[in-house]
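Chain IDs A, B, C and D follow the sequence of writing; residue 1 opens each chain.
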Amino acid sequence: MFSYIGRRASHSILSVIGLLTLVFFLTRLTGDPSALYLPLDATAEARAAFASLNGLDQPVHWQFAEYLKDLLQLDFGQSLRQNRSAMEVALQAFPETLKLALVAITLSTALAILVGSLAAARAGSLFDRIAGVASLAGASAPDFWVAIVGILVFAVGLELLPTSGTGTWAHWIMPIFVLTLRPFGLLVQVVRGAMLSALASPYIKTARAKGVRRTKIIFGHALRNSLLPIVTVAGDLATSLVNGAVVVETIFGWPGIGKLMIDAIIQRDFAVVQSTILVTATAIFILNIAVDLLYAFLDPRIRY
Amino acid sequence: MKNVGNPILKVEGLTVDFLSNDEPVRAVDNVSFHVNRGETLVILGESGSGKSVSTSTVMDLIDCPPGDIVAGSCLFDGTELSRLDADARRNINGRRIAMIFQDPLAYLNPVYTVGRQIEEVYESHGEAGGREARARAMELLQRVGIPEPETRIDYYPHQFSGGQRQRIMIAMAIALKPDILIADEPTTALDVSVQAQILDLLRDLQRETGMALILITHDLEVAASMADRIIVMSAGKVVETGPAREVFSNPKHAYTCRLISASPDGDPAEASNKRATKIGSETLLKVEHLTKEYALSSGAFAPKRRFKAVDDVSFEVRRGETLGIVGESGSGKSSIARMLLRLSDPSSGKALFSGEDVFEMGGKTLMAFRRKVQMVFQDPFGSMNPRMTVRSIISEPWAIHRDILPRHQWKERVAELLELVGLKPDHADRYPHQFSGGQRQRIAIARALASEPELIVCDEAVSALDVSIQAQVIDLLADLRTRLGLSYIFITHDLPIVRQFADRILVMKQGKVVEEGDTATLFRAPRHEYTRGLLQAVPKPKWLMSENEPPAEGADVFWSDRPRSGSFSG
Amino acid sequence: MRRTGVLTIASAILSAAASSAMAQGAQEIHVVLPEQPANLEPCGTIITNVGQILSQNVVEPLTAIDPKTGQPQPKLATEWTQVDPTAWHIRLREGVKFQDGSDFNAEAVVFSINRMTGGKITCSNNAKFGDAKLTVTAIDDLTVEIKSDKPQPILPTLLSVVMVVSPKTAEDKAVNDPVGTGPFKLSSFSPQAVVLEAFDGYWGNKPEITRATYVWRPESSIRAAMVETGEADLTPSIAIQDATNPETDFAYLNSETTAIRIDTSQPPLDDLRVRKALNLAIDWEGMGQLFGDDVKRASQMVVPGINGHDATLEPWPYDPEQAKKLLEEAAADGFAIDAEIKLIGRNGIYPNGAEAMEAMMTMWQAVGLNVKLTMLDVADWLRYLQKPFPEERGANLLQMMHDNNKGDAAFTIPIFYRSSGNYSTLSDAALDKEIDAAMAATGEARTQSFKALFDKARKEVVADIPMFHMIGYTRVGPRLDWAPDITTNSEIPLANIRLKD
Amino acid sequence: MTILLPDTKSTEEPGTARVLHAYLKRDRLALAAAVFLALFVLAAMLGPWLVGDAASRLGLRQRNLAPFSLEQSWIYFLGADTLGRPILARLIVGAQNTLGIAAAAVFSSMLIGGALGLVAGYSERWYSHLILRLADVIMSFPSLLLALIVLYTLGPSITNLVIVLAITRMPIYLRTARAEVLELRERMFVSAARSMGAKPVRIILRHIAPLVLPTLVTISAIDFATVILSESALSFLGLGIQPPDFTWGAMVANGRGYLSTAWWIAFWPGLAIMLTTLSLNILSNWARTVADPQQRWRLQTLRKAAR
């Protein structure tokens, strides 16, 4: 178990190093930030001063060496835009995203398990069909479209919810709804499929032969065995949520890491791009290990 | 004790269809049978005969649709089952009728401890819960012979051996002392010696509880050793029924006759053997001190243990000879085959093929060797790519070894080979799944022959086939040996089959060769205790055993010679 | 189906929560901006979202530009005199205190200007001074002398970008906690919001508003909705399609002028007839639909009110026949008018910017020009805007927007038309000389010279395609008594906002 | 095969067109989905011929024309966009880019990801580890950053958008293919081929790849939907397809500002995206049912025997 975690960790660290290297060099292909940080009418000297102030006048490999050196001292660089440590910026935004991601993935998984199991238990029924189409329809709409329509309907039209922002629990409802739609739609399919194949498994025959009640067969036996594929897909979906729900964060003004990253990318705030990627990649790596441990917990046959 | 009172279960005119786009498939056609308390009814039939479907109908395990119960009644203890509602039928399951299945690993829920799964029987029927259920589960485990039940109760199914898992299934089934126990091929996946133990356990439990036992099997010996009465099914119909002894000694229906005569040793073995007539003196393959070691890691900090799957094995195969390698699962026999075919590397040892060490070969020599040695695998379906036509399967050796046959002759040669193994040339454009098991194995043999080999390694090549098919495939192999001068290494766990076919036999146990000798001698006078045990584990007919007496050793010459018919190796 | 489900549950519970979220204190206002201010460095107030929060609220400049005349007015400076062509004396306001308690005096001004020009921090405002070298000295407690290396006739105008900060501000580091002399002091700055609170020791009139919260949402429709629902009181720069309510939505001419720059150095654009044809081929009235009814057709790169704007200059008409004729003539003279011309647009440059480019591309294609649109990301687009231009750029037209809110055409003409200008594709020595002369002139001569230059640019040079003087739309909640004007794009002085009762 | 299904060979083989057609007819939803998709694909192919240059014809005086007005020609039935171009025509022409980009991206990510997955699964050499790490890196590499890098360095074009989308989706195929190969390479027919002397390349291409392919194709149907949606999200952020090229996603993104005043601009393309992705999902569900012998009966006309 420990050796497994150790091995996974070393793989992940390799991947993160590779990722950071790639990000470092590729972002520097996207142009000179000085054009963006100085007014259009700034003089050439001002630009040169800006470049040397921020170390952008050095050759790229030299900048990379500097970056690595600083990294070893846990110095992740300064944000060009925000006048403060890039890591501080990233770490301030990350919890906001994490909160959203956790609630969204928990909610969508829980709902999907409920709806998907019932649909599988009554495969072919009207409920099954409606649940299938409705959940897929939710998953098939562009999220920004749903978000804006949601605001226009619920906040402007009906005045039930605040349009956007953070603060009260009412502010959570629409972002969570939008974030939940797609994972929910996909997970309902996964749950239904896994449940159908679990319900056709030999051990279900055994349970029936034992005289186990139907609800217990569905939720105790079939669902319990379906959890593995569900966890796999939910884990993948959680990964993409942790990476930042850019669209939702942008529209609802949620100060998360996805919005931060896209701003940093567009503004060529390299240190922030690197720091956000470091934070999210680490989170994803921890998440992946957690999913693996969850596997072992859910299926006694899996041992690392 | 036998045939007392009214039948506890009476099935009349049961007809079950499986629906699909075309005409419904009739799985069970007008089947009637009954079973009395304390009696053992055996339903005998080959795969696809509908023998499981009829009992599953009794247990309400058929999903409708796609199942469709067309007609028939199931009278259980005076109650018509089809009139009961779902909950009432659920209540009968497990409490009054219980069932165990062929493959306990698949039929036990992998994510729950066995204790919990046994306790569930009590809980589902409101009999006991919590501590009490656990205590009773522990008692049951003890009763069915699981060692250390206090600790093993918290183990998961995958942590038990095949035999133990079947014992656990049995424990679950007898938890509420049912009136009927339905056992669906309960020993098919097990080794001979384990099979004997499980059958003994079932007999003992039946004696203790007085339950009726319905045993479903395709295995003649198992049927004979358990049955009071027997019904024989074929293609969904009951073709013969009667007291066991009568059916066996005097089969009336053509199907039953065929079934009994098809078993590999239906006639006295020595007379009908299919052994080689001419064995050359030239040594084709000489294996010396072959050893295969695996390192087992049992935990992060535990030292690595080493495990010898094959331990210092030496033998020879002469040109034209058939060498049988016999052993139970885990004896290392398949590891030898894999190493000889260079599918895995040996830890040490040599294998000289025509004087050259197989394990040292590389490049061209290895390619030449691969041509000369071919393998026929246990599962003819698994060993063929389902996406390839028979033609491309058989011609694959020519695609790999470009010098065997020019491409324009492939078609013709495939047709020849198909005819050689008893199939039609126009089968070449079909896919493997369109053939029956026996036909598939013929295709596999045709593929093996395509590269004009000198030695064919058959790894449990007929074990997955029905009895009647086994004999045909063995006949084919023997015929090919005579016609093409082949040599075989024939690996099996099934003694009677090698007895017919092999010239010499190697008995293996836990990676070691325990006995070696020519076939007739080995069967007549087995020297090693293990070999004797194997021979004796073959079940004896029930009517030759006295009550309360464990099966006698070598009780009857005819039946002790009578082999077990087809079975799966574990 | 799902939505109605949510609706019924929500309607039962949420109305209370929603209304409480909208409840606001009487003296408190909420402003929603289009973009998050990256930082609150007072030296970056020319950046729209920084200026809209800080300028005139937290920090104050030495002078302020009158939006109507374009002339500098006293703010922290009360008087100024030019003692010689390169030196000015500035008299400072008395009795002003910084929000941290320090005194406002000559030292503070010296500190602020040095901090701005020192080069130790990235200071956007400094760019307005170009490459001028300033030396600032305190003459007495309330007088400073500003010397420059070359004549600075409009120094008082330039002083409107000098934000005076407390001398306790870090000199070598950009800050996010500005301390100035304004009527409001910074209370908090988080990724969600900026909060300003009234500063009791303010030197001027006490503002009615005591607290202002700034949040940001990029979607214009959502910002408009926030004001509509009462979640916010004010939002600048909403899209024209969201300005649907005449009660709350104010249109105002902002200082932005949109145009297309023609790369005069690349054939076939080096031919005057082709450049004229480009101007004539556009259905200007139809185009105007994209930007709203109040939009004003532009004939030059500065808006009325800027010193040098020529109100009599006619914009190009829509005359596709004439355009075709000019192109035929050019073709007859051997100009390859069918060569591909790249139209380079920028994502999000102004509302409906991409649509405008698509429309113009189609119209140019209709007169027979082979124009192909490429929309670029800002940084990529900048490579084409600024010198040095990319080597292999080929014939190109560049979408641009110019914002001169500093009152004088000097901030426009040299960069566009002088051969040394950063955006200029021209190299005409005679024109350069004329521009230099205008830049050195003062008073009416200066105005007339600039007007002449704009006339020449429009009629003889045709290096660009002026499009429109843009209209800004601001939605102001019913609680507020305030109207936006041309300065709203750079500042929203809270002190000017009154609350209706 | 469980005990409940009789071990008889089905007399028909799924895969023949006739049987598939029958299965499709049984599932009305899947049939509707198939018809929709066929329509869209037809529109994409015949689009230019159908509507000519109407999709780019300006109509600045009928900007945001409301739908269902019969005063204009039929092409304006769904209304007009911000430049007065008929939305119907743009939907038809946009189908070409939308479906083309998604198909190209899905196909190339399936091809590359699948190939890398095959190698990573079959071989245990250093390069399979490298491939796995690469997949890790791509998975945590923000697709927006990638989009921006490609936009900046390679310029905006449809091909480059396809590259971005293909790279981001690749790890899915890589991981799935690898997982399948890990299982398949232990299968007996692979051992059989090895024992005959087949080289790894032959085993991978001839024996393993054909069995991995159906799984990848199933994933690709759902992925197709994902790609259309991520392409529209990129457009929302201004990093997607650039004018004058357009897709449905870009149409939604551009029309979003008009949702409260001219809802139809963003609604119709949004509906088109939704119907396409929904149809694909429904069809892939249907295909999974067809492929599953345990579930296939649900699509069959169950004819009962006479009693």
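The definition used in the following text is that contacts are C-beta pairs under 8 Å (C-beta built on N, C-alpha and C of every residue); 3 or more make two chains touch, one makes a residue touch a chain.
As the structure is a prediction and not an experimental result, all values here were calculated from the model.
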Please give the intersection of the contact partners of subunit B with those of subunit C. A, D
Tell me the fewest steps from subunit A to subunit C, where a step is a jump to a chain it touches. 1
More C-beta pairs touching across which pair, C-D or B-D? B-D
Between subunit B and subunit D, what distance separates the C-alpha centroids? Give it in angstrom. 45
Distance between subunit A and subunit D based on Cα centroids, please, to the nearest Å. 22
Dist(centroid_CA(subunit A), centroid_CA(subunit B)) in Å evaluates to 50
Touching at least 2 other chains, the residues of subunit C are 219, 221, 225, 377, 379-380
Where in subunit D do residues touch two or more other chains at once? 3-4, 148, 152, 256, 259-260
Counting only residues that touch at least 2 other chains, which ones in subunit A make the list? 30-31, 148, 152, 156, 202, 205, 250, 266
Those chain pairs meeting the touch criterion are A-B, A-C, A-D, B-D, C-D
Can you list the residues on subunit D that touch subunit A in the complex? 2-4, 29, 132-134, 136-137, 139-142, 144-145, 148-149, 152-153, 222, 225, 229, 232-233, 236-237, 249, 252-253, 256, 259-260, 266, 270, 273-278, 281-282, 285, 288, 292, 294-295, 298
Which residues, counting only subunit B, touch subunit D once they are in their complex? 15, 17-27, 47-48, 50, 52-53, 56, 61-63, 65-68, 70-71, 101-102, 184, 236, 338, 341-343, 366-367, 370-371, 374-375, 377-379, 382-388, 396-397, 399-401, 433-434, 436, 444, 447, 451
As the complex stands, subunit A meets subunit D at residues 11-12, 14-16, 18-19, 22-23, 26-27, 29-31, 123-124, 129, 132-133, 136-137, 139-145, 148-149, 152, 156, 182, 186, 189, 193, 196-197, 200, 202, 205, 239, 243-244, 246-247, 250, 261-262, 265-266, 273, 277, 280-281, 284
Would you pull the subunit A residues touching subunit C in the complex into a rising list? 30-33, 35-43, 45-46, 49-50, 53-54, 80-84, 92-93, 96, 134, 138, 148, 151-156, 158-171, 173, 177, 250-251, 253, 255, 260, 263, 266-268
Residue numbers of subunit C touching subunit D in their complex, please. 219-221, 224-225, 239, 241-242, 244, 283, 286-287, 289-290, 345, 347-348, 351-352, 354-355, 357-359, 361-363, 373-377, 379-380
